[in-house]
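Before we start, here is the structure in question, set down as structure tokens.
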Amino acid sequence: MTRPVTLFTGQWADLPFEEVAELAGKWGFDGLEIACWGDHLDVVRAAEDADYAKGRRDILERNGLGVWTISNHLAGQAVCDDPIDERHRDILPTRVWKDGEPEGVRRRAADEIVATARAAAALGVDTVVGFTGSSIWKAVAMFPPASQRFIDQGYEDFARRWIPILDEYQRLGVTFALEVHPSEIAYDYWTAKRALMAVADHPAFRFNFDPSHFVWQQIDPTMFLEDFADRIAHVHCKETATSFNGRNGRLGSHLAWGDPKRGWDFVTPGHGEVAWERIFRQLNAIGYVGPISVEWEDAGMDRLIGAPEALAMVRNLNAIAPAGAAFDAAFSASEASS
Amino acid sequence: MTRPVTLFTGQWADLPFEEVAELAGKWGFDGLEIACWGDHLDVVRAAEDADYAKGRRDILERNGLGVWTISNHLAGQAVCDDPIDERHRDILPTRVWKDGEPEGVRRRAADEIVATARAAAALGVDTVVGFTGSSIWKAVAMFPPASQRFIDQGYEDFARRWIPILDEYQRLGVTFALEVHPSEIAYDYWTAKRALMAVADHPAFRFNFDPSHFVWQQIDPTMFLEDFADRIAHVHCKETATSFNGRNGRLGSHLAWGDPKRGWDFVTPGHGEVAWERIFRQLNAIGYVGPISVEWEDAGMDRLIGAPEALAMVRNLNAIAPAGAAFDAAFSASEASS
Amino acid sequence: MTRPVTLFTGQWADLPFEEVAELAGKWGFDGLEIACWGDHLDVVRAAEDADYAKGRRDILERNGLGVWTISNHLAGQAVCDDPIDERHRDILPTRVWKDGEPEGVRRRAADEIVATARAAAALGVDTVVGFTGSSIWKAVAMFPPASQRFIDQGYEDFARRWIPILDEYQRLGVTFALEVHPSEIAYDYWTAKRALMAVADHPAFRFNFDPSHFVWQQIDPTMFLEDFADRIAHVHCKETATSFNGRNGRLGSHLAWGDPKRGWDFVTPGHGEVAWERIFRQLNAIGYVGPISVEWEDAGMDRLIGAPEALAMVRNLNAIAPAGAAFDAAFSASEASS
Amino acid sequence: MTRPVTLFTGQWADLPFEEVAELAGKWGFDGLEIACWGDHLDVVRAAEDADYAKGRRDILERNGLGVWTISNHLAGQAVCDDPIDERHRDILPTRVWKDGEPEGVRRRAADEIVATARAAAALGVDTVVGFTGSSIWKAVAMFPPASQRFIDQGYEDFARRWIPILDEYQRLGVTFALEVHPSEIAYDYWTAKRALMAVADHPAFRFNFDPSHFVWQQIDPTMFLEDFADRIAHVHCKETATSFNGRNGRLGSHLAWGDPKRGWDFVTPGHGEVAWERIFRQLNAIGYVGPISVEWEDAGMDRLIGAPEALAMVRNLNAIAPAGAAFDAAFSASEASS
Amino acid sequence: MTRPVTLFTGQWADLPFEEVAELAGKWGFDGLEIACWGDHLDVVRAAEDADYAKGRRDILERNGLGVWTISNHLAGQAVCDDPIDERHRDILPTRVWKDGEPEGVRRRAADEIVATARAAAALGVDTVVGFTGSSIWKAVAMFPPASQRFIDQGYEDFARRWIPILDEYQRLGVTFALEVHPSEIAYDYWTAKRALMAVADHPAFRFNFDPSHFVWQQIDPTMFLEDFADRIAHVHCKETATSFNGRNGRLGSHLAWGDPKRGWDFVTPGHGEVAWERIFRQLNAIGYVGPISVEWEDAGMDRLIGAPEALAMVRNLNAIAPAGAAFDAAFSASEASS
Amino acid sequence: MTRPVTLFTGQWADLPFEEVAELAGKWGFDGLEIACWGDHLDVVRAAEDADYAKGRRDILERNGLGVWTISNHLAGQAVCDDPIDERHRDILPTRVWKDGEPEGVRRRAADEIVATARAAAALGVDTVVGFTGSSIWKAVAMFPPASQRFIDQGYEDFARRWIPILDEYQRLGVTFALEVHPSEIAYDYWTAKRALMAVADHPAFRFNFDPSHFVWQQIDPTMFLEDFADRIAHVHCKETATSFNGRNGRLGSHLAWGDPKRGWDFVTPGHGEVAWERIFRQLNAIGYVGPISVEWEDAGMDRLIGAPEALAMVRNLNAIAPAGAAFDAAFSASEASS
């Protein structure tokens, strides 16, 4: 099994892209999943300026890195979100935010997401990972009462805004891989089903599988992989640890990352409760051969220690695989198990 | 122990108040926790029109019922919420909603909550149960990134809007009992701590304890009672059952009540996972002698069956209590346990 | 919800049919699921002799009982089993066993199962519950090594023997409801899938849902109901309790029923670990309105105590149902949950 | 199954014996397990004064009660305990305590236990339930370091003091049933083994089985019954509930009964975590036909409510039993389980 | 502790014996547990031809390997099995299968097992690991109803066929170590007890302990070691991982090894749920000093990676042992634990 | 984070101090927590003889070791214990035991503990770890009945004996860190609260946190750290493994360390069930920067293997820490988590 291991640069966007590439290369990653923010990737330039795109690839090559995916969670978030507020302003490019009028922001965010597909194509990449936002996330607790109509409209809004985007992706030969994640239109098993239904199983719409978001929602990542096998376009290796003690809650209590009063937190891969080996055996079973992208996030640890540690873990997990041709012979022998 | 058992009329507001009173009286409830919506209680009229207030009490008396609490979740919700949208419009009185301009709605909702205290006083009731709303609930998933400043502002907004209300409550000798509940400023253990801190332990601010909202957040209701003993002003007997199976999630998947694909749902008291006996023993320990109010909600069951069933359960639980004076003698005997 | 509650007569076949009918009538059952052995029902006579069939119905009517299903586990077992041995001889009618030559027994058992459909039709019943047997059950531990070919042949053998039977059932307007059960072609979730595939989703082939067989196999009965919703033709209310302690095993250790050294055992419904309320709420969700048939079996209890106790439990469970038209109004009220 | 249900009078010793007998008779108990303290039973008088003994039996008979067991936990405790201190003084008869010199107290306590056997014989009772005390209980935490020699001496001390007592019991045809209980020489599975070994399986030494003491020690009561089947002389129906929450500990924190900060507490039978039905099925399996004695203790409940509630529970449990002769027939039918 | 670590060659029988020896030697194993199939060991030749036996030992010695055990699961399986079918044909030597007539096969299989003891003796080995087969395995689900007589006959059949074999083993100074395993006469705790009883604790009959078969049956391996301490002749280090999710079942669904739909599967030691450290500490406690034999089987991993990984794990586990003489001093110090 | 890692010499007191220092230095420990027994540290000499104290420090320095804490569990134990018996004699210096008269022993033990503070000061150390003993430990099972008065007196006795000691500690600038441990006045969460209350939160009284004693009492170590954050003076890295199987009990059955029949046992750090990573993250959160002292104890392992293994584990855990200044930047990036 030769799945490449990449580093998602989203949590490193405070560093220049070149520096991140050097670090990742030095540690032995196979490539980067480039975040479309910070100075890492300007999607409009990449889409329009062949030299810029080539410059990015040159940096990768100098560090022995490939690229299979780029990611634009930030712009994607604004496509469907309601309300649009200061939180969006803080993360959007000026060209998207402009005057902050919500509907205008949403439309420009949609344009940015289309530009991201063009940037991907320019880089020779066929997958964009990202978020969709959601007009009904605010109603997750169902109070004030959210009528069925209100909920249905949320999925319809998603379909209305995203189908044109996805059509464009399809034309460009690029897949949009929604990271199933709270605050998005799909955040668990049933909302993933419903989101697929909303876009009529659009061929350009697939999922970025990130089990860290399932841990605290108590969703079984392996069952998700099994049942959505043909929709898994990308895999994040991100980790979550829980600490429920009767006081810490599932919802995080609006506490900052790293506060031990949270019921759960992101930690360096291998330090939490994701059943990685079962997941990798399931990835083998469904034939996933794309990248495993380390999304390191751990407010309690130094990323310079955590990222290479995660890489080592993924290498070990990638080594869990049948033995190819030689394996077949072994297997018939092993049928006589005892 | 002589705690009264009341029926919360919120889930019966489609019926005329008089009919609900008759049902409750017939079933043997000790009283009603009157919802301030439907035709059950118009707080403005009750505050201003002594005859109206007397009329409500007459209905209760005719049915052998008392009243210890009135509830105004709906108006309370709008005091801090952001955004204010169609969901609020659907549940607010016209005099509060008016043109729907958010800040105006919030101010009028605050007035309504003050009127509710006056209505309580007019009815001879010293506790108002309700919601507060929250400007930061929408950020519960912490994406888009909610900065510490953003979160802090949520609590400050709550304090700014509610301290004047609470001052008025204090003057009227009425307690506002926030039902700790997702979508409110306090929804779990740590947010309850933080909310108390935000209003500097205001003497008119206490909690309505409803364990059904803790089940799926994995908060220990007994520990909550123990640690917030002096802030428990009222108790809801409402129940939750979970059905996690790897597909159903903690967040409910935006599915309707009663859908078995939800990870949890409200059910008739006694049909779920609340550890009622431990809770009642803890209520004994902290000396809570107020009402136990049945908040019946179960999309899969007939309320005409469920409500009296819940009443019977609470009567049995209320019977779990030390034997008074006689008990002391028993206890010294029981020290020689074997 | 008006699901009838029936008593399966299989565990009462030592008593004359008339006596069982009297007991069931006296206890208040709505009907019987008649076992096609003992003197309870001779399928050949019922199929051929209108008077005999009428006589059976008369007995039922005299005791205020209906019939929706008849059951023929014993003959069904022999259709696919391999080996055929003394255990089959002890439970088969002489006309099926004859000389005991295995292939002959299998063919005559198939004829008997077809006759059972005719008997059902003669009694005005559209469902036959039963077993299929399996030529690969003996290989459940996969040692000696069972090759993929060997396993595939098991399903093919099942299809070859049963499709003609099922075609005949379809012609007669009768459904064969396989009780998913160890020792049958389908005994769990995945074998149920595979069995359906083997008969190409034959319209006359459905399942008798009996959760007692899932408890010790650790299959989730509710998920089974959800995923096979359109294949549930009948429901058994039978119960299992486990007692794993490090010594007692999942496989029962070839110990007799009622031996506390067994890892699990059948017990009177309500005395074990089946999550009945979740199951009944799921039955509501999938719209199952057929009979709930009490299959009482408990080597540690008197059936004269256990059977009426089970009936009472099922009546309570059947009462868990939305309130019909009245319910809809309640539900919109309850959307304003708090 | 006709096991009598008795009430242990230990927790009622503040009431006159006659009053307890009246209560128990009124509630429908079959008899009393008479505590040898309060005014319930003076063992010396009963052993020596036939009229006194007859008087006790008369009281029982007047209330329709029998007696199968008398209990002397208090005197038994002092036989081996070290240190002997004010706690013993508070529970011992003056004739045993006298000057409180430890070794003298121990010897007089041993005499009292022998007298208890004589009292039993005088009452026509063949079982004395009680405690043994232990010189090594104080070393349960093994600090200061308790050497193997120190521990061994504890068992030797037990044997040296109790074998003469047991010999006397044997002569009198009475069994001493040690209640396996923390603070005694045997308090769990392995110490029960070791205690039996210490007295070389003395025929007069058996156990009073009380599962409430196993709950918080995490001992499996059913396995205990299975493995010590031939040593079960008596059964207490006493109950324990736990409330571990990360703060409450297994050892009870030296807190008073009824304090919710305790990790566990005694509660009315049926309100806790003892797996009663498994226990009763196991009692059937080992053929135990002696009394089930309700030892009611619950600092949070009124004994006048709790005791009859416990009686009702035991009656239901006693009803779980095979159907005798009729059962055999049923059983062969049930072998054809499906 | 100097327990040798061996590699069981059963899963490597597709390779020539010499190649397996080279691999094992290179990886650092101490020896081989030689499977009596493939070209690894012909028991008849080894029993009769001293040169052949010496040749096998020479190969071992050249690779720095010893041998303490040989294994003949395949022939053993046929001694008691019923039915005998194509699965047996596929694994038996021609000289045993011949015409496939069942009773003849069983007798020749018994002869082969006796020959295996002779081969062992010729190789200087005192333990043969293997299977027994079972005429009642097919009745594990107890349907069609398996009468007590039928079950008893299974154990009698086992005794009748194996006691003569065991007598011969005893004469040769060789122990037959049955691997407790589903499809054998003993597959769990209670069947192991019953099997021992059936052969009256024959001195030549002991067990090969393999915890991988206990994981999914929920048998506690440590308790098994403790209670059968004097019958443990050999230890397999084989591993199992489970993946129960409500759909995957305990019985494996007749699915192939490596299919993630199985409820459990064999995996490389250290990748599953066997509590190895507890087991090794228990092996220390019972004084087991024989070989730990790695039985590698993992359809999802390359054996060339897995086998040396398992060896490393066992070496670490073997290092968990008291410190000998030096340890005693440490221990008295450690009594002053704090 | 630069917490030093020390080795507690208590379990090495059979070796000369110099030898232990050499071992620890060689393994790479940062220092020793010196036990005040064996020849490791004579507190009277150290308090009075500057040369002796300097000699101890010289030994440390020669081996590259520091010292932050000294420990005197043995003398501390005798300050409050009742009874005082041979177990104390075996562990106390002659100058403390003398004639063994209990009250005299207690007073001399108190003097020894004061001397320990002086020794600490002489060594430049500001923390003494130790035990307090308890006059009520013997009543942990609450039988014979321990009245509230009896329990209260236990805490009063503790206060009366220890406040003068603690005053002296305060004068000397030394903290006494009680190891919360069964057999001491504080052994769990609530007794720790009560002990603090008894000494009115004496500034010289803090805790040595050792999670190994919480595992089997089911106390959450992380919650303990959070709630007693300002009282954590020292941390032991000691480990416990449990093996509950229905027979092994929570109380250890008075069995020797290392016996697999114990329900729990001390094991080499990393081999048990302490949630070390959560603990270290919590230590980061409360700002604990003192030593992590390895208290190695494992009757089933060689300390020469176990101690350096534990050191390696602690080094890895210490590495889990935010990245300092650099971290802040990373953290704001990580707020944009996805």
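So that you can tell them apart, the chains are marked A, B, C, D, E and F in the order they are listed, and the count of residues begins at 1 in each.
The rule is short, and it goes like this: contacts are C-beta pairs under 8 Å (C-beta built on N, C-alpha and C of every residue); 3 or more make two chains touch, one makes a residue touch a chain.
Note that the structure is a prediction, hence the values are computed from the model and not measured.
Undergrad: If you match contact pairs by residue number, which of A-B, E-F or D-F shares over half of them with A-E?
TA: E-F
Undergrad: Mind checking the rotation angle between the two copies, chain E and chain F? C-alpha superposition, nearest 5 degrees is fine.
TA: Fitting chain E to chain F on C-alpha atoms yields 120 degrees.
Undergrad: Would you kindly state whether over half or under half of the residue numbers at the chain C/chain D interface are used by both copies, giving same or different?
TA: different
Undergrad: Starting from the mean Cα coordinates of chain B and chain E, work out the distance between those two points in Å.
TA: 62
Undergrad: Counting only Cα atoms for the centres, state how far chain B is from chain F in Å.
TA: 47
Undergrad: Can you pull out the residues of chain E that are in contact with at least two other chains?
TA: Each of 74, 91, 131, 142-147, 181, 220, 223, 245-247, 257, 261, 335-338 in chain E touches at least two other chains.
Undergrad: Using the touch rule from the top, collect the residues of chain F that touch chain C in their complex.
TA: Against chain C, the touching part of chain F is residues 245-246.
Undergrad: Which of the residues in chain E come into contact with chain C in the complex?
TA: Chain E reaches chain C through residues 74, 77, 81-83, 86-88, 90-91, 131, 136-148, 150-151, 154, 181-183, 187-191, 194, 216-220, 223, 244, 246-257, 261, 263.
Undergrad: Hey, which residues of chain D end up touching chain B in the complex?
TA: 10-14, 37, 71, 73-74, 91, 131, 179, 181, 241, 243, 245, 247, 257-261, 266, 271, 295, 297, 299-305
Undergrad: So in the complex, the part of chain A that touches chain E is made up of which residues?
TA: Listed in rising order, the residues of chain A that touch chain E are 220, 222-223, 226, 277-278, 281-282, 284-285, 319-324, 326-327, 329-338.
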